[in-house]
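The next part holds the structures, each set out as structure tokens.
In what comes next, chain A is part of two complexes: it sits with chain B in the first one and with chain C in the second one.
And then the complex of A and B:
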């Protein structure tokens, strides 16, 4: 059985490592092979970028050599896929090599699309890349007062990010002793302050208590960089001194180019996590079109199901489990307290009051992530 | 038939219990006050790396086999002898003059009983090592 994992992010790495553990006897007996094709030899812990943007983590803490995270029996190659030939069970890479497979796992992730909105890329700070996060921190550090506006694209990576960055801004300026000189304005695209109702219900009084102004039904149309104005499709305008954007994201270009899914999201069976119409092709993490958060946590729980099912197919010829839509999100409610949201397809999250212990749990997870992607936690 | 009603065990909360709980609470609060984000991160990092190392060690069949071999007294004795030999050789080499080279020097060295015993030991080890490696490959190791 040749198992090919395309993409070395959270989802792909957990699938590969989990499979390597489960299929150790078959791999030793040369009855199963695992190959991973990735665009980079480095693995980045993306949630850490928010901490970089507030000077709480240094960028080098976010990276590890991808090979060091993988089980030694996994054949790892830095050679991104260019063509998916699903009807022939083949992929072709950028270097021109062809890889045959019996089972394919697509874990290519997503990319931000700031360029879709005129002026957004030039006018707004964002923390979705290392460069962007460092730049945002420098801007915040030099900010001595004025108005900060937060705008949110749809869909975006990690649904909790807009509220987290807002809470963090409040605490950051409070710690610097200039919170009274900074006006924070939160603009959100739908008619409440968060897409998850219970998060909206919890965050609104917190925002009120912190003096954060909110505007809902604010979908960004364009940014007038020169005059520092952001305009919404609904017709309102927001003047700012510093603009922070949670940009819209799409699946990767290679998925769109190969016509595997609209906007780069692959149509995925919500329980089996197979690509619609292809039983030997699994999709994990940001690459799916599932109605769950695009987070490392969702990728993690999906990856466990995929690995268990591929291993059981190898061993007994049939899958044994299903994905129930489980997601577990930490929510940083400032710099020293946090809470969490756990939900699945059936049950919405029930948020608890933020506390310091949860914040430390999150801080600990930032370090234990590496244990997690190795397939241990 | 009558069923006797079970009475729940009596829970008594006395002053010393409460005092103990209060003390525990104080300790937890004091620990929370003393800790910083950096400390928590460092502890988590050490735990994460430690557990990864432990996982790699416990799943390593070769290492487990090696530990079993090390349990045998003759292997422990051999390692002690090897360590002693390295220590002694290191001391000897520090005070020995540099070799002059040439066939005469080589002959002189070869004539020493210690050199001959050493060569015999190395050749015996080589013989057993090659047999053992052949066996290992035969078993698919």
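And then the complex of A and C:
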């Protein structure tokens, strides 16, 4: 059984490592092979970018060599896929190599699409890339007062980020002693301040208490950079001195180019995590079109299901489990307290009050991630 | 040619039905009808509020069993 994993982010890495352990006897007996193709020899811990944007982590803390995270039996190659030939069970890479497979796992992730909104790239700060997060921190550090507006694209990775960055802005300027000189305005696409009802119910009075203004039903249409105005599709305008964007995301270009899914999101069975119409193709993490959060957490839980099923197919010829929609998200409620949301397809999140210990757990997890992605936690 | 696309947002909490509809509306062509399926009771009020504010067209909204079927036509 030749298993090919395309993409070396959270989902792809956990699938590969989990499979390597489950299939150790088959790999030793040369009955199973795992190959990973990735666009980079580096692995980034993306949730750390929020901390970089507030000067709490340095960019180099976010990276590890991808090879060092993988079980030694995994054939890791830095050679991104250029063509998916699903009807022939093969892919072609940028270097021109062809890889045949029996089972394919697509874990290519997502990318920001700020360029879709006129003026957004030039006019807004964003912490979704390393370069952007460092630039945003420098802007915040030099900001002495005025209005900061936050806008949110749809769909976006890490749905809790808009709330987290807003709480962090409040605490950051409070710590600098100039919170009274900074107006914070939070704009959100739907008709409450977060997609999870319990989060919205908790965060709104917190925002009110902190003097953070909110506008809902605000989907960004364009940014007038010269006059510092952001306009919504719903017809409203917001003047700012500093604009922070949680940008719209698409799946990767290679997915769109190969017509595997509109906007790069691959149609995926919500329980089996197979690509619609392709039983031997699994999709994990941001790459799916599933109506679940695009987070490392969702990718992690999906990856465990995929690995268990591929291993059981190798051993007994059939999958044994299904993805139940599980997601677990830490929620930083500022710089010294946090809570979490855990939910699946059947059970809504039941939010607990933020506390210091959950914040320190999250800070610890920022380090433990490397254990988690190796499949040890 | 316009088409009806079904968006299954049943039993989902984040990003949730309205956010799903907004995502798919961006992909749709003017004239397309999107049919949102949702088990969230709030959707029946949330979707018309957004649709009316942005200027798309509500086609229909009905509950069949436990599932809301909400049809919206993209107008711009």
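We take it that the second predicted complex is superposed on the first by the 377 of 377 C-alpha atoms of A that agree within 3 Å, B and C clash if a C-alpha of one lies under 4 Å from a C-alpha of the other, contacts with A are read in each partner's own complex, and residues count from 1 in each chain.
Going forward, a contact is a pair of C-beta atoms (placed from the backbone, for glycine too) under 8 Å apart; a residue touches a chain by one contact, two chains touch by 3 or more.
Just so we're clear, the structure is a prediction, and the values are computed from it rather than from any experiment.
K.L.:
Do chain B and chain C fit side by side on chain A in the superposed arrangement, or is it a clash?
P.N.:
On the shared chain A, the partners fit.
K.L.:
Quick one: chain B or chain C, who's touching more of chain A?
P.N.:
Of the two chains, more chain A residues are contacted by C.
K.L.:
After the fit on chain A, how big is the angle at chain A between chain B and chain C, using C-alpha centres and going to the nearest 10 degrees?
P.N.:
150
K.L.:
Classify the contacts of A:363 with the two partner chains as first (chain B alone), second (chain C alone), both, or neither.
P.N.:
first
K.L.:
So, A:191: does it touch chain B (first), chain C (second), both, or neither?
P.N.:
In the superposition, A:191 contacts chain C only.
K.L.:
Touch check for A:32: first (chain B), second (chain C), both, or neither?
P.N.:
A:32: touches no partner chain.
K.L.:
Could you tell me if A:374 is touching chain B, chain C, both of them or neither one (first, second, both, neither)?
P.N.:
first
K.L.:
One more residue to check, A:56. First (chain B), second (chain C), both or neither?
P.N.:
first
K.L.:
Across all Cα pairs of chain B and chain C, what is the smallest distance in the superposition, given in whole Å?
P.N.:
Superposed model gives a least chain B-chain C C-alpha distance of 29 Å.
K.L.:
Which bits of chain C are touching chain A when the two form their complex?
P.N.:
My answer: residues 8-9, 11-20, 22-23, 26-27, 42, 46, 49-50, 53-54.
K.L.:
In their shared complex, at which residues does chain A touch chain C?
P.N.:
Of all residues in chain A, those touching chain C are 154-155, 159, 189-191, 195-197, 217, 219, 233-235, 248, 262-263, 291-293, 325, 327, 329, 341, 343, 345-346, 348-349.
K.L.:
In the complex, go through chain A and note every residue touching chain B.
P.N.:
56, 336, 356-357, 359-360, 363-371, 374, 376
K.L.:
Please name which positions on chain B make contact with chain A in the complex.
P.N.:
32, 35, 37, 40-41, 43-45, 47-49, 51-52, 55
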